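Look for chain A in each of the two complexes below; its partner is chain B in the first and chain C in the second.
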Partner chain A sequence: MVKFDYFEPKSVEQACAFLERHADEAKLIAGGTALLIWMRMMLLNPHVVVSLARIPGFDSISFDPKDGLRIKAGARHRDIELDPAVREHYPLLYETFRKVAQPRIRNMGTIGGNLCQGDPLTDPGASLIAMDAEITLTSSKAKRTLPLEKFFVDYYQTDLRPGEILIEIRVPLPARPLGWAHIKFLPRSQEDFATVGVALVLRGNALGKRRRSCAAKRSPMIESGRWRRWPRMKSIPWMTTAAPPITNVT
Partner chain B sequence: MKRKITLTVNGKEQELEIEPNRLLLHVLREEIGLTGTKEGCSIGVCGACSVIVDGRLVSSCLTLAAGCEGRDIETIEGLAKDGNLHPLQQAFIEYGGFQCGICTPGQIMAAKALLDENPKPTADEVKEWMSGNLCRCTGYYKILESVMAVVNNKISPDFQFRKREQQAKIQSLDVYKPVAKTD
Partner chain C sequence: MAKAEKFSVVGQRVQRVDGFDKVTGESKYIADIILPGMLLGKILRSPYPHARILRIDTSKAEHLRGVRAVVTAEDTLKRPWGAFFADQYILSVGKARYVGEEVAAVAAVDLDVAEEALALIDVEWEPLPAVFDAEEAMKAGAPLVHDDKKRNIAVTLDIERGNIQRAFAESDIIVEDTFQSAPQWHCSIETIGSVAEYASSGKYTIYMNSQTLFNARYRIAAALGVPETDIRIIQSAVGGGFGGKSCDDNNALVAAILARKAGKPVKVINSREEEFLAGCRPRVFMKIDVKLGFKKDGRIRAKHIRIIADNGAYSAKAPAITGVAAMRHDTCYKYSDVKTQAYLVYTNKIPTGAFRGFGNPSAEWAVEQAIDIGAHELGIDPMEIARINAAESGYVSPHGNRVTSCELKQCLDMTEKMMDWKKKRADKKPNTGLGLACTVHVSGKRHFGDYDGSSATIKINEDGKALILSGEGEIGQGVHTAMCQIAAEELGVRVEDVEISKADTDLTTFCLGAFASRLTYISGNAVKNAASNVKQQLFQQASEMLEANADDLISHGGRIFVKGAEGKFVTVADAARARLFRHNGAPIVGSGSFDADSVLPDKTRFGNESGAYNYGVQAAQVEVDRETGQVKVLQYVIASDCGTVIYPIGAEGQVEGGFAQGIGYALIEGLQFDEGRPVNPNFSDYRIPSMRDLPPLTHAFADSYEPTGPFGAKGLGELNMDPTAAVISNAIFDAVGVRIKTLPITPEKVLKALTEKG
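The block that comes next holds the complex of A and B.
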C-alpha cells in the first residue's frame, strides 16, 4: 500500500470539505472491506484517505411507519440485519443482509460503502431496488435524492459525482400483503460472491388468488449478476411456469 | 506522516507511532509482538487474522491501525487468564479442533465472538457463523465439535477419559477386527 494522509472528520460537512480540498487524490473509507483490498492490490493509490467511521450518528437506523426506514450510510450490514424494525417490516432486507458474506465481513462493511463501490456481485443493491429505495447524496455545495436504481451505471460505476458523499438510504414502508423472495446462486461456499442473485417483490393486489401466475407477470423483477451487469427493474417477460414460487408472504 | 495512536490490546494500553497505511494485523504482529494472529489470504476471506475490536469480530488484515485509535482490541493472547486456558482453547485441545494450527487463533476468536453474543447457539448457528473461517486441513467437524463442547459444557481439564473413549470407539470399528479367512 502506498503512504497516505489519514483524516477522521467529525461531521459530514467536514468530510465534504476534505473531499473538496483534495479532489481527485482523496478516497473515502468506511468499513474498509472493499477499499483496502483494492489499495493492497495497488489498484487504487489515494494520497488522502478520509474515514467516515467517527462521524456521530452516521451508522444509525431509524424507522417511522409514515416515513419508512432511514439507514445512514455508515450502518454496517450486521446492524441492518439485527435491527428489529428491519426484521419486522422489511423481511426481504433482513433475509438479504443475513446472507451477505459472513458475520465478520458484515461486522465491517457498511451499506454506503457497498452501494458506492458499485460492485454488481454483492447482494444488497438488488433487494434495495426491489423495495424502491432512494438515496441521498451530499457535497459541500448541494444535496440530491435519487432512486437507487438510477445510481448504478455499470460495473463498479455509479452516479457518484466528485466531492459527493452518500449519506442516507430511505426505504418506504411496503404495502401489505407483501410477497418476496431472495435467491442467489453461489459457486462454492456460503460466504462466496453470488454468480447470480435475484430479489423479487410482489405487492398488494398482485397477490390475488392466482398469486403465482398473475403476480409474476405484473410485478417488477430485479436481476443482478455477472452476466446482467447491474440490477435493472423490469417486468417479467417469463412464461408463467418459469416464475419462482413465492413462499414468503407477510 | 506518522501518527501517534493508543490501542488497548487485551486490556493493556499500547502507545505507538505508526504510518497511517499500517494495518492492524501488521501492527499487532510487528510492533506489539503478538504473533498469535495470523495472516492468511490478506483479503478478508480466510479468517486467520480475526480479532475482536470493541466487541465486534473483524478481519485485522482489512482494518487500518490508525482507525483503531482508542479502541479495545482482543486477540488470542488475551484469552487465557491467570494461567488457565479459555474454555474454547481447552475444548480445541480436548476435541482435536486443529491440525496444522494456522487457522486456530482466528477460529477461536470467531467462536468467542459468537459465544459472547449468543452463549447457547445451535450447531447450525455455529456452522453459519464460522463459515468465514477456513481450515485448509479441512478439520471442520472437529472444530464444530470443539465449539459445541463449550456450548454444552462438556470440557474438563482432565480429559483422559475421552482418550479412552476414543480408543474404544476406534477398536470397535470393523476395520480393526480380524478378517475372516477365505479359502
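The block that comes next holds the complex of A and C.
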C-alpha cells in the first residue's frame, strides 16, 4: 500500500470541498471493506483518502410512514439489518442485509460504500432496486436525486460524478399486501459472493395478478447476454417457472 | 491395556500453555518482530512460466533513495538446494521455471521504496516454450523444465509385491477407474515470513515462522555454503503451518542474503498473493488409475495403482509424497498382492509439496472410491467391505509397515452407531445418501537420513518448576501443551508447574520438527525420557532427605514421598534447592532421546516407515439438489484411533481442523491456472470453508493404547484430512447415482453428471 494523506472532515460540505480540491487524487473511505482490498492489491493508489466516519448523523436511519425509509450513506449493513423499522416495514431488506457476507463485514461495510463500488456481486443493490429506492448525491455545486436503478451503469461503473458524494438512500413505504423473496446461489462457500442473486417483490392488490417487480444481479461468470447486467425485470418469461417461491406475504 | 483414567495429567482438559499470550495478542509473530535498524525486503518474481534471463540491470534500483541492498543470483553461490533433490536456487540462475520464481530482491527503509525499487530492476527476458500438464510433460519432445531430466521425470516408482497377475486372475470382479486430485493451498492465516540478521563474525540469526527449524537450518546452511553452527534459527509464534512452512521456499534465504549485503536486519513477509504464487508448496496433484480385484465375499485380492504426480518446477517434498500416495494406504486394509507405479513429473508451475496428509488425501480420494465401487458392484454394504478387509494389530503391510496397534474395526463400529448407519440405509430417502471411507496415517516417518527421533532437556528451577527445552516448536496445534502434560505426568507435578521453551537451534538439541503427525508420539517419548531422567535425580536427592530408598519413592502433585506414606514428603522445589545449594552443588537437569523403531526404506521402498500407525473412519450423509447440483452435507461422523489422547482440546481441534480442510478439498477449493499463471491467488477468489460451510460433526476417539507411545499415545494431526473427499463422493453416489472423479466436487460437475445420466 502506497502512502497517502488522510482527512476526516466533520461535515458533508467539508468532504465535498476536499474532493473538489484533490479531484482525481482523492478517494472516499467509509467502511473500507472494498477500498482497502483494492489498495492492498495496488489496484488503486489514491494520494488522498477522505474519511466520512466523523460526519455527525451520516450513519442514521429514520422512518416515517409517509416519507418512507431514509438511510444515510454511512449506515453500516449491520445497522440496517438490526433497525426495527426495517424489520417491520421492509422485510425484504431485512432478509437481504441479514445475509450479506458475515457479521464482521456487516459491522464495517456501509451501504453508501457498497452502492458506489458498483460491484455487481453484492446483495443490497437488487433488493433496493426492487423496492424502488432512490438515492441523493451531492457535490459542492449541486444536489440531485435519482432512482437507484439508473445509478448502476456496468460492472464497477456507476453514475457517480467527479466531486459527488452519495448521502442518502430513500425507500418508499410499499403498499400492502406485499409479496417478496430474496435468494442467492452460493456454489462454493456460504460466505462467498453470490453467483446469482434475485430479489423479487409482488405488490399490493396486484399480488394475485402476478404483476411483479424484480431485480437480479449475476456474476460475470455466467454470461448469457439475455439480460442487462443491472436489470429491473418486468415480465420475464423464466420468472413464471423459475421464480423463487413467494412464501413471504406481509 | 492402560486407560486414560489412570493418569492424573495426561488426558485432562488442561489450559493451553500458550493460551494467554494468544488471546492477549502478546504472541510475537513475524510481523511483531522488529529489530533496531531493520529494513524491509521485497522480491522481484518471474512474470513468465519459463524464460531465460538475458540480462539484469539493478543500477537504477540501487540508486533509489532509501534502498540499502539489491541482490540477484550474483550474490549467491548459485548452488542448488532442496529437501530431497537439490534443484532450486535462492534466486534464478540463468532461467526462471515458474510464474512467481524469485529473480532478485531489494531491502529498503520501507515497503513503498522497496516496491518502487523492484519496478526499477530491468530484466531482459527470453520467453521459452513451457509445459503445464504432467502427462504432456512426459511426452517425447515436450519442453524440458530441467535440461538433465529426461521427459521431465523426477521420480519413477515401479514396485510389485506378491504376484499381481495371479491375484487379478483369482479375483471374482475387477474394478478399474481413474481419479484426478486437485492442488490445495494451506491458507495459513500468517503467511511465510522471516527476519534475518547477519553479524560480521559470519553468524546469521534468523527468526522464522517455520515448523521444522533444524531441517531449515540444514538447508539454509547448505544453500549459503556455511556450517550449521553459523546459522541460528529462532521460531516466532506461528500462525498455521499444515506442512507449508517446512522451509521448501526461498523466503528466509532471500532475507539472509539481503541482511548480509545491507549489514542490517531485514524482514521479508510474503503477501497473500506471493504465498499463493511461490510461498508454501501446495498439495501435489495427481492423476490416479486404480485397479482392484475382489473376491465375491468382499475380500480385496489385488490392487494396482498408477500415479502421475505434478512436481511443479522444483522438487520440494513431492518425491516422498509420491511414495506415500503409492503405498501408504496398503497399511489400511489387509493386502497381499499389490503393484504400484508412479511418476513424479516436472512442469512449469509452482513447486508442489507438503500439505497435511502428504499424498494420502490424493490416494484415499482414488482408492476409497474404487473400494466403494466394488462394494456397490458386489452388493455388499460399504461398512461390511471395510470390516472384511480392515487391518488389525499385528498386521504387516506388503511394504513392510508393522502395525503395533490398530483399532480400525472399533472405529467402524463407532461410526456405524454414531451415524445410525443401518437405519439410515434401510430408510433411504430420495436424493440423500451415505458415504464412508477409512484412513491410515503414520506417527513420524523415517526419511530424513536414518533417523526419526527427537530429543529434549528438562531443568528444574529453584522454585521446583520444570522447564522443557525442545527444538520441535509449536505451530498452533497445541503440542507444547501436550509436552507439558507428558512431562508433568512423568515427573508427578502439576501441569501448571511445567513450562516449555521456544524452539531455538542454538539453545535446544536436535529436533526434526512438525511433520508426519510425529510430535505427540516421537517428541512425547523424548520428553517422557527426559522427565524420567530428571525424576531419578530428584528421587536420589529426596531419598537422602527422607532417609528412604529411591526405588520406594513416588511423586504426585509436586510432592515426593514413600509409597503409602504420603504424610512425610519433600517437594520437588525442596529437592531441587537441596541439590543446588550445597558443596559440589548442581542444578537438576536431564536429557532424553527417542528414535522410533522404524526402518529407512530400501531401494524398493520396503521397510517399516513409522513407529506407529493411526487409523480412522469417516462417514457422511449428504443431500443433492438435482436442480442446482449443490451438495449439502446433512451429518458427518468421525471415529479416530490415536492411542491415548494426551491433550483432548488440542486433539479435538486437530480432528475438526483436518475435517474442515477436507471439506474444502472435497467441495470448495481450487486454484485455476492460465498458461501456468494462477488466476485466483487471493481469498476473494480462492475460497476456503468458513464456519457456516461446515456440517454438524459427531466425533469420538477409540479406546486404544499404543504400546510404543508415550502413555499409549500416537499421532493424529493429518488423519482426518485424508479421507473426507472420498467420503463425500461416495455419499453423492449413494444419493443420486453419479460419481465425481475430479476435485473439487462443484455443483457444475454434479449437475453435468446428473444431466448426462438423464
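Here, the second predicted complex is superposed on the first by the 222 of 250 C-alpha atoms of A that agree within 3 Å, B and C clash if a C-alpha of one lies under 4 Å from a C-alpha of the other, contacts with A are read in each partner's own complex, and residues count from 1 in each chain.
Simple rule for what comes next: contacts are C-beta pairs under 8 Å (C-beta built on N, C-alpha and C of every residue); 3 or more make two chains touch, one makes a residue touch a chain.
All figures in this text were calculated on a predicted structure; none of them were measured in a lab.
> When the two structures are laid over each other on chain A, do chain B and chain C clash or fit?
clash
> Quick one: classify A:K3 as touching chain B (first), chain C (second), both or neither.
A:K3: touches chain B and chain C.
> In the superposed arrangement, does A:R188 touch chain B (first), chain C (second), both or neither?
second
> Output check: A:A101 vs chain B and chain C. Expected answer is one of first, second, both, neither. What do you get?
The answer is first: A:A101 touches chain B but not chain C.
> Once the structures are superposed on A, label A:L36 by its partner contacts, choosing first (chain B), second (chain C), both or neither.
first
> Is A:R161 touching anything from chain B or chain C once the two structures are fitted on A? First, second, both or neither.
neither
> Spot which of chain B and chain C makes contact with more residues of chain A, would you?
B
> For A:V49, using the defined touch cut-off, is the partner it touches chain B, chain C, both, or neither? Pick first, second, both or neither.
first
> Select, from 21-29, 345-353 or 561-569, the region of chain C that bumps into chain B once both structures are placed on the shared chain.
The segment of chain C occupying space taken by chain B is 21-29.
> Could you pull out which residues of chain A sit against chain B in one structure and against chain C in the other?
1-3, 37, 102, 189-191
> Provide the residue numbers of chain A that touch chain B in the complex, in ascending order.
1-6, 8, 29, 32-33, 36-37, 40, 49, 51, 53, 78, 101-105, 107-108, 189-191
> Flag every residue of chain A that touches chain C in the complex, lowest number first.
Against chain C, the touching part of chain A is residues 1-3, 37, 41-42, 102, 185, 187-193.
> Enumerate the contact residues on chain B facing chain A in the complex.
Result: residues 1, 3, 19-21, 23, 42-45, 47, 50, 56-59, 62-64, 66-67, 69, 110, 113-114, 128-129, 131-132 of chain B touch chain A.
> Can you list the chain C residues touching chain A in their complex?
These residues of chain C touch chain A: 111-112, 115, 273, 628, 630, 667-668, 682, 684, 687-690, 692-693, 746-748.
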